[in-house]
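Labels run A, B, C and D following the written order; every chain starts at residue 1.
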Amino acid sequence: MQEFIQKIIADNKKYIEKGTLPAYIPELTKAKKEALGLSIVMLDGKEYHGGDHRYKFTIQSISKVITLLLALEEKGEEYVFSKVGMEPTGDPFNSMLKLETVRPSKPFNPMINAGAIAISSMIEGRSSMGKVEKLLAFFRQITDNPDLTINENVYLSEKRTGDRNRALAYFMKDVGVIDKDVEGSLDVYFKQCAIEVTTQDIARIGAFLANDGIDLKTGKTLVHKKHIKIAKTFMFTCGMYNASGEFAINVGIPAKSGVGGGILATVPGKMGIGIVGPSLDDKGNSIAGIQMIRDLSEKYKLSIL
Amino acid sequence: MQEFIQKIIADNKKYIEKGTLPAYIPELTKAKKEALGLSIVMLDGKEYHGGDHRYKFTIQSISKVITLLLALEEKGEEYVFSKVGMEPTGDPFNSMLKLETVRPSKPFNPMINAGAIAISSMIEGRSSMGKVEKLLAFFRQITDNPDLTINENVYLSEKRTGDRNRALAYFMKDVGVIDKDVEGSLDVYFKQCAIEVTTQDIARIGAFLANDGIDLKTGKTLVHKKHIKIAKTFMFTCGMYNASGEFAINVGIPAKSGVGGGILATVPGKMGIGIVGPSLDDKGNSIAGIQMIRDLSEKYKLSIL
Amino acid sequence: MQEFIQKIIADNKKYIEKGTLPAYIPELTKAKKEALGLSIVMLDGKEYHGGDHRYKFTIQSISKVITLLLALEEKGEEYVFSKVGMEPTGDPFNSMLKLETVRPSKPFNPMINAGAIAISSMIEGRSSMGKVEKLLAFFRQITDNPDLTINENVYLSEKRTGDRNRALAYFMKDVGVIDKDVEGSLDVYFKQCAIEVTTQDIARIGAFLANDGIDLKTGKTLVHKKHIKIAKTFMFTCGMYNASGEFAINVGIPAKSGVGGGILATVPGKMGIGIVGPSLDDKGNSIAGIQMIRDLSEKYKLSIL
Amino acid sequence: MQEFIQKIIADNKKYIEKGTLPAYIPELTKAKKEALGLSIVMLDGKEYHGGDHRYKFTIQSISKVITLLLALEEKGEEYVFSKVGMEPTGDPFNSMLKLETVRPSKPFNPMINAGAIAISSMIEGRSSMGKVEKLLAFFRQITDNPDLTINENVYLSEKRTGDRNRALAYFMKDVGVIDKDVEGSLDVYFKQCAIEVTTQDIARIGAFLANDGIDLKTGKTLVHKKHIKIAKTFMFTCGMYNASGEFAINVGIPAKSGVGGGILATVPGKMGIGIVGPSLDDKGNSIAGIQMIRDLSEKYKLSIL
């Protein structure tokens, strides 16, 4: 496998040139565009790495999966889905359309920004700092990496330019989806997006999902299996922005991408995959990353369908 | 005319029952639902009043007309219309749809909330308090009423519950329509909406517009004639929320309503009309007020078409 | 006036280059792009002409005004507006959006294609040929031109490529706005759009509207005054596609344009104006024509506001 | 298993009362509302049946899966997806919104009506009758049921009231998605929807998909494995109208429902499931059918995630 990882990285270097860095978060344009890294974590704990697997990038939308798990654990399925829907939406990740046109007004799923902000607003805690601490602890536990921290520059950059997310949040406050302090909820959201990771961290999250929420090391169940199933299903139906359908057909495994260039993928019962490649296509997905995971899926027949 | 005013008020009392007070601004539900008042100001300065013409109500969306005039005077036509369009929109006054779906993203006109907030953000001044002071001075000059003030309770109520307007404002910040402090701009907007008036004040604004921007008392031109024309045209094409087309056909004079129950109307070269009736129809227009102005228009053949 | 007409035509020749002919109706691309004509008919019957006033073009959307009048006369206001609304819409003339998103589903006004097709479907008659004959007779009466006929090539071209209009019509059949034979209704619509006119014909229609529905020659009332008022109001609020608001501000008179390059305008109590200039702007309005009518309006202070 | 099938049917009888028959296709309201049937076909050919498994119903939208397979076989992936997308859409199955608002204009996937009609228009053949014959032969082969035919009454009922589908088709003709005769394409579509089946037929289709396109009896590959994978993925992401996301989470197997009350489901490598229950929920899915398949999935742990 180690060998194939090297080959995949070499084969897909050429795609880097075709993508771009996301200009709407100024700090992200400082990323190393040509970075390309891949980590795989098997359920027996064995880890494989290749390329820039030590390159640090912010987790961005991949965090939506983990925050969803925490909200499900804290508040339960019924509450979570009273506020956020379960359906894919063909609209861009930052769209407000359906909030206005579909009744009752409720974000369609937790993978689009509106839904993710609503989920972040559910995390319990006295202060937004307390909520972020708890969230960070949960991330550290799942990745078995006590050093995970927030990239302050990226956080501040997103907070400064996050007016579209602010618009989504205030709209949801108006219609009762968010019933708490909007700026505090946004703060949690901006911070969770700015958590800095490597492909190893991401692959470990993938393995944790593949292992149905059971810690690989300790064997302890950290998250209910049903909640893990929910997360994997959302990853499969709407994890890759509005290229999710195409990805499901061509790759066929639950995955979630972020505009930091990361892709989290999970092969149920088999492995977790972490990828980084900051150069994005026009949907917001790592352009080389998608090709790499496609190659992996074909080689090892990972598709679940 | 005095007599006909009494008759109109008596005739239309029956409509009050059919309408409601706007629940989304809690403070407005304290209004006197059965109030009904009418004032007419002729261009020679003669004034006629009937019913609850001393009843105080907040000006709400009627303020959009005057703020537009001030912005046009301060920034000029070219600047104003680089940020806000000139077209009616068939959408509700608080809609965000077209901001997302039409390129370039720009509120369609200054009579919908998005456009009005953009206009308020243009008013020049060091602080939002300074801007409000200037705006208030302008209102006082046009109404010849130095006692006009802001109803603090209504202002605070709108500020507290104004999350939909906040969503509109942050969206516009994101797309560059608003380039200043959003909360400050909203503060100006919430305050202008909470200016407390009587039908006399409103009728005087109507007479000022009917007189092409020339002060009735002093004969001094306060606003460019072209700017007055622009305001009257917007009132005609989109002054009555999304019942503007119906109103244009059935009444046929430029008018602007507010959810405080007021209606401002202007008959070019003839008179200004101020109406109050806080009980609203489902579009947000005074239900008895619309009937009263329709009766007036038919009796005195005021329609411009 | 004759002199000023010449000057206007000369002054605005330059705009022709900036526009285009409408490619979606192949036959219309055969029009003489550089034609520019203007006719004015005063209410005393005096007529002024300039430029290519003998140039023949198809009436296209301008026909919507006359068909609306006939439908109002035949079916009455109540019936007509039970099927078609009175509100401007900020959407393109061929949009289906609001039919799907706004309840009850009903075209917003008779000037957009959906509304105009619904109006055409109301014209009474045993066959679509009979309806078209009646419509043509009505056009001939108003223009005092017994020679008006349909341009068969344009009619067939529109029929052949009119799938978007077909989509609108079938959607309206589905929701009950159209309760008759769809293809027959479309046939009436395509034929009314293909009536061939000169600026003289158009100016006479404008004078007829300006004269409140009274035949200039015979003094006989052909159309109820209220129906004329309705037509003029729609022209003012939504006659120039989605540049109607801008036109209302800059020109200020009721007008209706067609993609054949014609513009019909009416100055209440004063005159009718007919313009042709087949080169269109991106909204579908004659690019030089709009400038010509703007010059006319400024010179003779024709704006109604 | 036979026993559990009986139990499931008994347990879910109660849901029948809560649903309704689809009024927009008059002929479908004649269905036996209380019918409830279930068939399961294992990959070794073993079949289990329960309840009204001999009840005949029209296949409706379930046919979209099979027509897609035929189109993929005839025209190839590249051509098919040049005309129809791969993405779920949060809109109702008969929506036109995205055709107008998203560029390039192309139905989002083959499971919504617009996409399915586009797919039907691709089937090759000299006449629409020839295409339908070919399609029917394909259905008969997959179900191993040479007696499958079209319910003429349902076909004619849908043809007569199918104006919304007609609107979709003409819109797609206008934008170039459909390049052939619209009425002919609709005829194929209406007929494929009116094919009459039992749960046994449906379960056999499910087994064929579960067996990767290999005929259970003959062992011959009838459809490319990649095409089967595409169909299964669409079933998983958008097979249950706009309750697909919820179904994916709660049931977790690829499925497709039709307004005739049928549900097709496939458990990769294991079995095919056919269900009928004509009483529908507000999304258009069999209300008892969904519960039955949920029970099955839980009992036998069929979820793929």
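In this text, contacts are C-beta pairs under 8 Å (C-beta built on N, C-alpha and C of every residue); 3 or more make two chains touch, one makes a residue touch a chain.
Owing to the predicted nature of the structure, the values given are computational and were not obtained by experimental measurement.
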Touch-network distance, chain B to chain C, counted in steps: 1
Neighbouring chains shared between chain A and chain D, ordered by label: none
Option in A-B, C-D or A-D whose residue-number contact pairs overlap B-C by over half: A-D
Length of the line joining the C-alpha centres of chain A and chain C, rounded to whole Å: 54
Distance from chain B to chain A - Cα centre to Cα centre, in angstrom: 46
Where chain D touches two or more other chains, by residue: 101
Set of all touching chain pairs, with the criterion as stated earlier: A-B, A-D, B-C, C-D
Residue ranges of chain C in contact with chain D within the complex: 95-97, 100-101, 163-164, 166-171, 173-174, 182
Touching residues (chain side chain A, partner chain D) in the complex: 85-91, 98, 102, 108-109, 229-230, 232-234, 236-238, 242-246, 248-249, 252, 254, 268, 303-305
